[in-house]
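Please find the structures below.
What follows is a pair of complexes built around subunit A, which joins subunit B in one and subunit C in the other.
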Partner chain A sequence: MKIHRVLTVFAVVLMIMAVNGKAQDNQAEELMKKAHLALFYAGDDGAAEVTMKIVNSKGKERLREFTMLRLDIAEGGKQDYYTYFKQPHDVSRLTFMVHKIPFETDNRWLYVPAVDLVKRISADDKNSSFVGSDFTYEDVSGRHWSEDNHTLLREDKLGDRDVYVVESIPKEEYKGFARKVTFIDKEYFLPLREEYYDKKGELERIFTAEKIENIEGIPTATLRRMENVQKNQYTTVEFTSIDYNIGMMEDIFTERYLKNPPREFIK
Partner chain B sequence: MKRFFTEFAINHPWTVIVSVVLITAFFAAQLPNIKIDTDPENMLEADEPVRLFDHEVKETFSIYDFIAVGVVDEKGAFTKQQLTDVYNIIDEVADIDGVIADDILAPSMVDDIKQTDGILTVKTLLDEAPENDQQAQYILSRIKENPILRGKLASDDGKAIAMFIPIESKNMSHRIAGEIQEIIDRHSRGEEYFIAGLPVAEDSFGTEMFKQMAISAPLAGIIILLLMLMFFRNLKIVIAPMIVAVVSVIWAMGLLILTGNTVHIMSSMIPIFLIPIAVLNSIHIISEFHDRYQKYKHKKSTIKATIGDLFIPMLFTSVTTIVGFVSLALTPIPPVRVFGVFVAFGIFVAWFLSITFNPAYAVLISDKSLRKFGKADDEHGPLSRLMHVFRNFSARHYKGILFGSAVVVVVAAIGLSLIEVNDNPVKWFKRDHPLRIADVKLNQHLAGTYMNYLVFESDEPDAMKNPETLRYIEQMQRHLEKNRIVGSTTGLTDIVKKVRYELFDADPAMNAIPDNQDEVAQNLFLFEISGGNPDDLFKFVTQDYDKVNVWVQMREGDNNSVMSVVKDAETYFAENPPPTEMSMHWAGLPYVNVVWQEKMVGGMRSALLSSFAVVFIMMVFLFRSPLLGLISMLPLSITIMAIYGAIGYIGKPYDMPVAVLSSLTLGLSIDFAIHFIKRSKYIHEKTGDFKQTFPEMFEGLARAISRNVLVIAIGFVPMFFSSLVPYITVGSFFFAIMMVSGAVTMLLLPAIFIVSQKRLFPAMQVATAETKKEVVNE
Partner chain C sequence: MLKTTGVTALIVLAMMVSTGMAGETYITGFMQGLYGGGLDANNPTDAEMTASEARLQLRLESFSDAAEVFGRLDFIYDDYYQPNYDWELREGYVKFRLGSKLDFKVGRQIITWGTGDLIFINDLFAKDYRSFFSGRDDQYLKAPHNALRGAYYSPIGTFSLIYTPRFTPNRIPTGERLSYFNPMAGTIVGGEENYFEGRLPEAKFKNSEIAARFSRYFGTIDAALYFYRGFYKNPVGLDMVEMAAYYPRLYVYGASLRMPILGGIAWLESGYYDSRDDTDGDNPLIPNSTVSSMAGFERQINSNLTANVQYQNEYMVDHDIYAANLPEGSMEADEMYHLVTTRLTQLLWMETMTVSAFAFYSPSEEDFYGRFSVSYKYTDALTLSVGANIFDGNYEWTDFGAFQKNDNAYVKMTYGF
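For the complex of A and B:
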C-alpha cells in the first residue's frame, strides 16, 4: 500500500515537472519571438542612415554607408528592404532590394549604376556574408523563432541589465550555427548579446547591442557589433537619423525604384 | 710539442681515458636537448629580404602553404561515386588539426559564380554530394567554365580531381599528409590518390632524413669496423678508431646542441661525415703500428715511432680537411655554416684523440693479445701484390700516366662546362618514392602543384581598380602562361571578368576588363553582395586595392624552371612599363628555393676557391718547397675535376649536396698526397737513394693509403641503396673521392717523382744507425 502511495506521489511530481518544463519552453520561445520582433520589426516601417565598419584581423578598416528602408508587410512575417549605397564612392548609387519571406527563399535585386543594369541575385544561402561584413544576410533580417528549439537557461545580469538567457538549437541541421545563446533584456526584450557556436561546439561569433536608444518611443539598438572570434575580425553597424512609422508604400520596393531611388526617403 | 701529448698519454693512459669518458659523458648529456629544424627555408638568414617578403605576402593576403591532393582515374573521375568520395574526404580533412578549413580549394569548398534563369549566384560549387553522374559531369563543366578554377580543381579531360589543402605551418605537413592518407585509405575503392606539394616534400624529407641518419651512420660504422678487422685481425685494436669516431661525433653534436644551434637537415649529416674522416688517421696509425710491431716487439717504442713519423702528416691532413670545412663558414647559408664549423671541430677532436686516446688505449692492451698482431705479414698479401702492380705500372708507364692525367684534365674540363645548377626538394626523393610519383602524376594532369605569387604594389589606394592597370596585369598573366611550365595564373582580373561575364548573361564579349573604373568596383561589390566570400577576394587583392597578388601555378619546381618564369616576368616588366607606377616582386616557396640556391652556388664557389688557396699555402709551408706544394695539389685538383666533370657528363644537377661536397672533396683528396709525399721524404731520408726510396713507397705507406681507400669507400657502399637521393650522393662522393684520389696519388705522384727525381729526391748521406739507435733506446 505504502509503495503505491509513494509511486502516485512520484508520478504527480513528474507530471508537474513535465508541465513546468513545457511551460518553460513556451516561455523561452515567447521570449525569442519578442526579441525577434523588437529587433527586426520595430514600428510598421523604418528608415535609417547606416554606417558599417568592417575591421579585419590586421586592424584594417573598410567603410560602407547606406540608407536603409524597411516596410513590414505583416508583423513577424513578410518584409521589404531597400538599401541605397553612398560609400565607398565607386559604388555610390548602387541599390539593393530584398523581399523577405519567412521559411522561403528571399527575392533579391541589385541595380548596377555603372552599366545601368538591374539584376536578380540568388538568395539561396542566407548564411553568406552581407556586403562583405561579419553579418550574414540572416543576421540583418532575422531568423524565424520557430526554426529552433529554445530553452530558458537562467535569468542573469549582463552588465547592469537584467536578462533572460535562452539557448537555441536548430530543429534541422543548419550551417549558420549549431547552438546559439541569447541574452534578452528583461525590460526592452532586445537581444543584448548572442553567442553563436559551431558544430565543434566552439564559439564562432558574438553579437552585441552596444548602444540602446529610445527613438520615437521605441527602444532601438543603434550600435551593433558582430565579432568573428575565430577569424579575429569584427563589423560594427551604426544607425542614425532613424525614423519610424513614416507611411512608406509597398510600391517603393519594386524594380522601378531601384534605378530611381525614392527621393522623399533618400537624400 | 710533437711528442708531448703522446708521451703524456703513454705515461698516464688512465688519466687520458677517464678524461675522455668524462668529457664524452658531458657532451652526451646535451644530446637529449636536441632541437630539430627541417625547414629548408632556414637555408636563408632569418632577415633575408626574399624570405621576409614571402612572409609578408602570405600575411597580407592570408595565404598558407598548400598540400596538393589528387585522384586520377583514366576512365574519368567525374562520376557520382568518385565525387562523393572526394566530398566525404574533404569533409573529414577539414577537421584535421592544422588545416585551414575555410581556405581549402576543393569542389565542395570553392564558390562558383554563375547565373541561372537570369539570377546571378555565387555559391559553393558542390554543396552536397552529387546524386548522379550527370550532376558530377555538370560540376566538371562548371570548373572548365571558370578561369579561377580551371586546371586547378580538375583536368579538362575530367580524368583528375585536385584538392589543395592549406596548412597553418609547413612543418606540420608530414603529419597532416599522413592523416590525409589515412582518411583517403578509408574512402578509396582502389583508385589512385596522390599527395604532393613542396611543403610535404620538404617536411617529409626532414623526417625521413633523420631516420636514414639512424641507419646510415651506424651501418657505415659497422662496415668500416668489419673491414678494419679484416685487415688487422684484432678486434681490440680496431675498436679504438671506432671509439675515436663515435666520441668525436658525440663531442661535435653535443657542442652544437649546447651552443643552442638547431639540428638542421645539413647538420644531421655531421655523423656520416665525421665517422670516416675520424677513422682515417687511426687507420694510418694502426697500419704503421701493425707493420712495425713485429719488428720492435716493444709496444711503447712502436707507438712513439709510429706517432713520431705520422705526427706531421696527420696534423696537416687534419688541418687541411678542417680548412675545407671551415671554409663553409664563408657561405651565406646559416645551416651550411653550422655544418662546416662543427664538422671541423669534430675533425679536430678526432685528430687530438688519435694522438692521445689511441696511444693510451694501445698501452693498456696486454702484450699477450698483441702477440700475433702484424704477424700475418702483409708483405706478401694480396694488398701488397696490388701495390706492387701500382709500383711496376708507374715505374714502367710514367709517361703514359702523365699523358693520361692531361687527357683526364681536358675531358673533365669539358664535363665541368656541362654542369647544370639546379635543385628541387621533391627530387631529393628517388623516382619510385610516392611523393615523386604524385609529383609527376598531378603535374601531368593539372595546372601544377608548385604555387608562386607575383605581387604588384602601388602607393595609391584603389590603384588596382584602374582598368588599364588590370589590363596590364592580365597581359602579364597571358605572357607568363606561354611558358611551358606555367599551368595557370589567377588574379583579380579573373574575378572581375568572370563576374562581368555572368552579369551580362554569359556574353563572351563581356569576358573582358571593363573600361570604367566604377564598373570594376561595382563588379567586385557584386561579387561580395551576391554571396561571394570576401576572404576569397582578399587572397588576390588588399582591402585598400593598392596591391594585387597573381597566383602563378607551375608544373615543375626545379629551380631552373621556376627561374625561367621569373625571368619571363622581369623581361616583360622591363620591356613593357606598367601604365601606372607600381613595383613587381615574387614570393612563394619555389621562388624562395631559387634564391637560396643562387646564394649557395656563389657562396660555395668562393668557399672552394679560398680553401684551395689556403691549402696550397699550407702545402708550400709543409714541404718547404713551392714545387712540392704545387705537386701535392695535383691529385686533389684532378680528383675534383674528374668527379665534377663526371657529374657534368652524367647530367646530375649541381644541387645542395653536390655543392657542399666540394669542400669534403678538397679536404679529403689532399690527405693521401700529404701522406705520400711527406712519408716518401722520410723514407728517402733513410735510404738516401731514389732507387731504394721508390719501391719502399709501395710497401707500408701504400698499404696504409690503400687500406684507407678500401675501408672508407666500401663503408659507404650501403648508402648507394638509400631512399634519399642526397644520401646516395654523399655515399657516392665518399666512394669516388677515395677511389679517384687514392689511384691518382699512387699513380701520378710516383710518375712525377720519377720524372723529376733529381730535384725532389737528390742522393744524400744517411744516418741510418742513429735513427735506429734512437728508436731502440726508447
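For the complex of A and C:
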C-alpha cells in the first residue's frame, strides 16, 4: 500500500517534469521556427545583390558577386532559389537554381552559358561548401527546425541585445553538426549568433549576423559572417539592393529563365 | 582556318547598333597561354607542339528591356598556323522575346542539348575535337553555329527549333597539330601532304541543318524527344571517283530521360541514326544506320568528390548486309559497339584546386582515351592548369585508336578580367 503510494507520487512527479520539459521544448522549438522563418522566409519573395568574401587562413581574399532571387512556395516549406553569378570571371553569367523541398533532396540545376549546358546536380550532400565558402548549401537555404531537438538554455544578453539561447541536437546523426547553440534576438527573432560543435564537442564554426537593417519593414541580416575556427578561415556575405514582395512568378525558377536570366531582377 | 562570313559581319554590325540602344553594357574577358607537347616521338605531324598559343577573349554583353546582345571574340596568336595571328567570333547573337511564350536567339551561338557527359547522341551541334584533344578549356569543345533558335513554351512542354542555314561540321584532327587515321593510306598520317578537308555539302536551302526538341518535366523527371535533319558531322563518307571524304546525309530520331534517383542523377538517352544516303546498308563507303543508346549515373561520393559512370552502345541495323558488301580485306566493324566512361572530380583547398579525370574505354574496339587535369586558382583572376590527353588502342582505325600517337601534356595559364 505504502509502496503503491510512493510509486504514484513518483509517477506524478515524473509526469510533471515531463510536461514541464515538453513545454520548454515547445517554446524552444517555437523560437527556432521563428528564427528560421525570419532568416530564410522574409517576405513572400526576395531579391538581393550579394557580395561574398572568402578569407583563408593566410588572409588571402576571394570575392564572389551574384544576384540571388528567392520565392517561398509555402511559409516554412518549399522554396525556389535562383542565383546569377557576376564575379569572378570564370563563373560570370553562370546561373544556378534550387528547388528546396524540406526533408527531401533538393533539385538543383546549373547552366553554363559558355557551352550552353543545362546540368542537373546531384544534391545528396547538403554540407558541401557553397561556391568554396565557409557556408554550406544548407547554411544558405536553412535546416528545417523539426530536424533537431531544441532546449531553451537561458535568456541572456549578446552585446546590447536581449537574446534567447537555444541548444539544438540533431534527431538523427548529422554531418553538419553534433550540437548547435543559437542566440535569437528577442525583438526581431533573427539568429544573431550560431555556434556549431562537432562530434568531439569542439567548436567548429561560428555564424554571426553582423548588421541588422530594416528593409521595407522587415528586419534583415544584411551582413553575415561564418567563421571556421578549426581551419582559421572565414566568409562574409553582404546583401545590398534588397527588395521583398516584388511579385515574383514561379516560372522564373524554370529552365527557361535558367538559360535566359530575368534581367528585370538583376541589378 | 577561320573565316569571316557575311553573316558574322552582319551580326557584329547588329550588335554594335543594338549596343548603342541598350541600357547596360559590360566588357569582360581573359588572356590565356596554352603550351602542349606531344608524348609520342613517332607522331607523323610536322608540328612539334600539340599547342602553342596565346589567346585574348573579349566578351561584350549588353541588355535592355527589349533585347540582349552578347559577343565573344577571340584573338589568337599561334606560332604554328599561318598566319600566326587570327581571330574568331565565338558567339555573337541577339536574344529577344516575342509575346510571353516565344524566345529567340539569332546569330552565332554555341548550342548544346542532350543528357550525356561528353557523349553526344541527339546533340548534333558542331564539336571541336582539335580543341578538346589539345587542352583548351571546356568551352572550346563546342564550335559555334550561325543559327536561328526559337523556343515556344506551352503548357504541355517546350518546343525548340534550331535552324542552321549552312551545314556546320565538327572540327576534327586533320594532320596539322594532331595526326589521324587515313583509311586510304591504311595508317595514321600527319604532316602537310596529308592535310585534308571534308567536302562540304553545297550551300543550298535543302542542305541546311534542322534540329528540333520537345521537352517537358514529369515531376522531377525531365524528358525530351529529338529530331535532326542534316549530315554526319564528320566526313565519314568516301567518294571514290573524286577520292574525297564528304558528309553523308543523316536524319536522327531520339529521346532522353533524366531524373534524380538514389541520391544522384541518372540519365538515359537513345537515338536512331538514319543514314539517308545508304538506307539499304549495302554501300561500304557510307556508314550504316545505327541505334545508339546510353545510360549514366552521377553522384557525390563526399562533399568534395563527385563521380559518374556511363555506358553507351551502338547497334548497326543492317550488319549482315554491311558485312556482305565489305570489300575484301577491309576492317569489319562489330555489329555492336560498346563504350564505358567515368569521370572523377575532386575539389580541394576551398575549391581553389580541381583534380579531374575522365576516361573513355571501348571493350569492343579495344581503345582508350583519358583526360587528366589539375587546375589551381591562385587568385580569382589567375588560374594555372596542367593536364594530359592519353590515347591508346590495339587498332589504328578505331575512334580513339586513330589518335594514339597524339598523347600530349600541356600547361595553361589564364588571367581573367
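In this section, the second predicted complex is superposed on the first by the 249 of 267 C-alpha atoms of A that agree within 3 Å, B and C clash if a C-alpha of one lies under 4 Å from a C-alpha of the other, contacts with A are read in each partner's own complex, and residues count from 1 in each chain.
Simple rule for what comes next: a residue touches a chain if its C-beta (ideal position, glycine included) is under 8 Å from a C-beta of that chain, and two chains touch if they have at least 3 such contacts.
The structure displayed is predicted, hence computed values, not measured ones.
K.L.:
Using the superposition on subunit A, decide if subunit B and subunit C clash or fit.
P.N.:
clash
K.L.:
If you stack the two complexes on chain A, which partner ends up touching A:96: first (subunit B), second (subunit C), both, or neither?
P.N.:
In the superposition, A:96 contacts subunit B only.
K.L.:
Quick one: is A:110 in contact with subunit B, with subunit C, with both, or with neither? Answer first, second, both or neither.
P.N.:
In the superposed model, A:110 contacts subunit B only, not subunit C.
K.L.:
If we overlay the two complexes on their shared chain A, which of subunit B and subunit C does A:122 touch? Say first, second, both or neither.
P.N.:
Both subunit B and subunit C are touched by A:122.
K.L.:
Which partner chains sit in contact with A:263 here, subunit B, subunit C, both or neither? Use first/second/both/neither.
P.N.:
The second partner, subunit C, only.
K.L.:
Output check: A:87 vs subunit B and subunit C. Expected answer is one of first, second, both, neither. What do you get?
P.N.:
A:87 contacts subunit C only, not subunit B.
K.L.:
Per the contact definition in the header, classify A:62: touching subunit B only (first), subunit C only (second), both, or neither.
P.N.:
So A:62 meets both subunit B and subunit C here.
K.L.:
Compare subunit B and subunit C by how many residues of subunit A each one touches, and report the one with more.
P.N.:
Tallying touched residues of subunit A, the top partner is C.
K.L.:
Is A:131 in contact with subunit B, with subunit C, with both, or with neither (first, second, both, neither)?
P.N.:
both
K.L.:
Can you give me the overlap between the subunit B contact set and the subunit C contact set on subunit A?
P.N.:
On subunit A, the overlap between the subunit B and subunit C contacts is residues 56, 60, 62, 88, 90, 114-115, 117, 120-122, 124-125, 128-129, 131-132.
K.L.:
Hey, which residues of subunit C end up touching subunit A in the complex?
P.N.:
By the definition above, subunit C touches subunit A via 28-30, 61, 63, 65, 68, 72, 95, 103, 109-113, 138-139, 141-142, 151, 153, 158, 220, 222, 258, 260, 263-265, 298-300, 302-304, 306, 347, 350-352, 377, 379-381, 383, 414, 416-417.
K.L.:
Could you list, by residue number, the parts of subunit A that touch subunit B in their complex?
P.N.:
It is residues 56, 58, 60, 62, 88, 90-91, 94, 96, 110, 112-115, 117, 119-122, 124-125, 128-129, 131-132, 200, 231 of subunit A that touch subunit B.
K.L.:
Enumerate the contact residues on subunit A facing subunit C in the complex.
P.N.:
Per the stated touch rule, the residues are 54, 56, 60, 62-63, 87-90, 92-93, 105, 107, 114-118, 120-125, 127-129, 131-133, 233, 255-256, 260, 263-264.
K.L.:
State the interface residues of subunit B toward subunit A in the complex, per the touch definition above.
P.N.:
Within the complex, subunit B contacts subunit A at residues 59, 95, 118-124, 462, 465, 503-504, 514, 516-519, 521-522, 525-526, 528-535, 537-538, 542-544.
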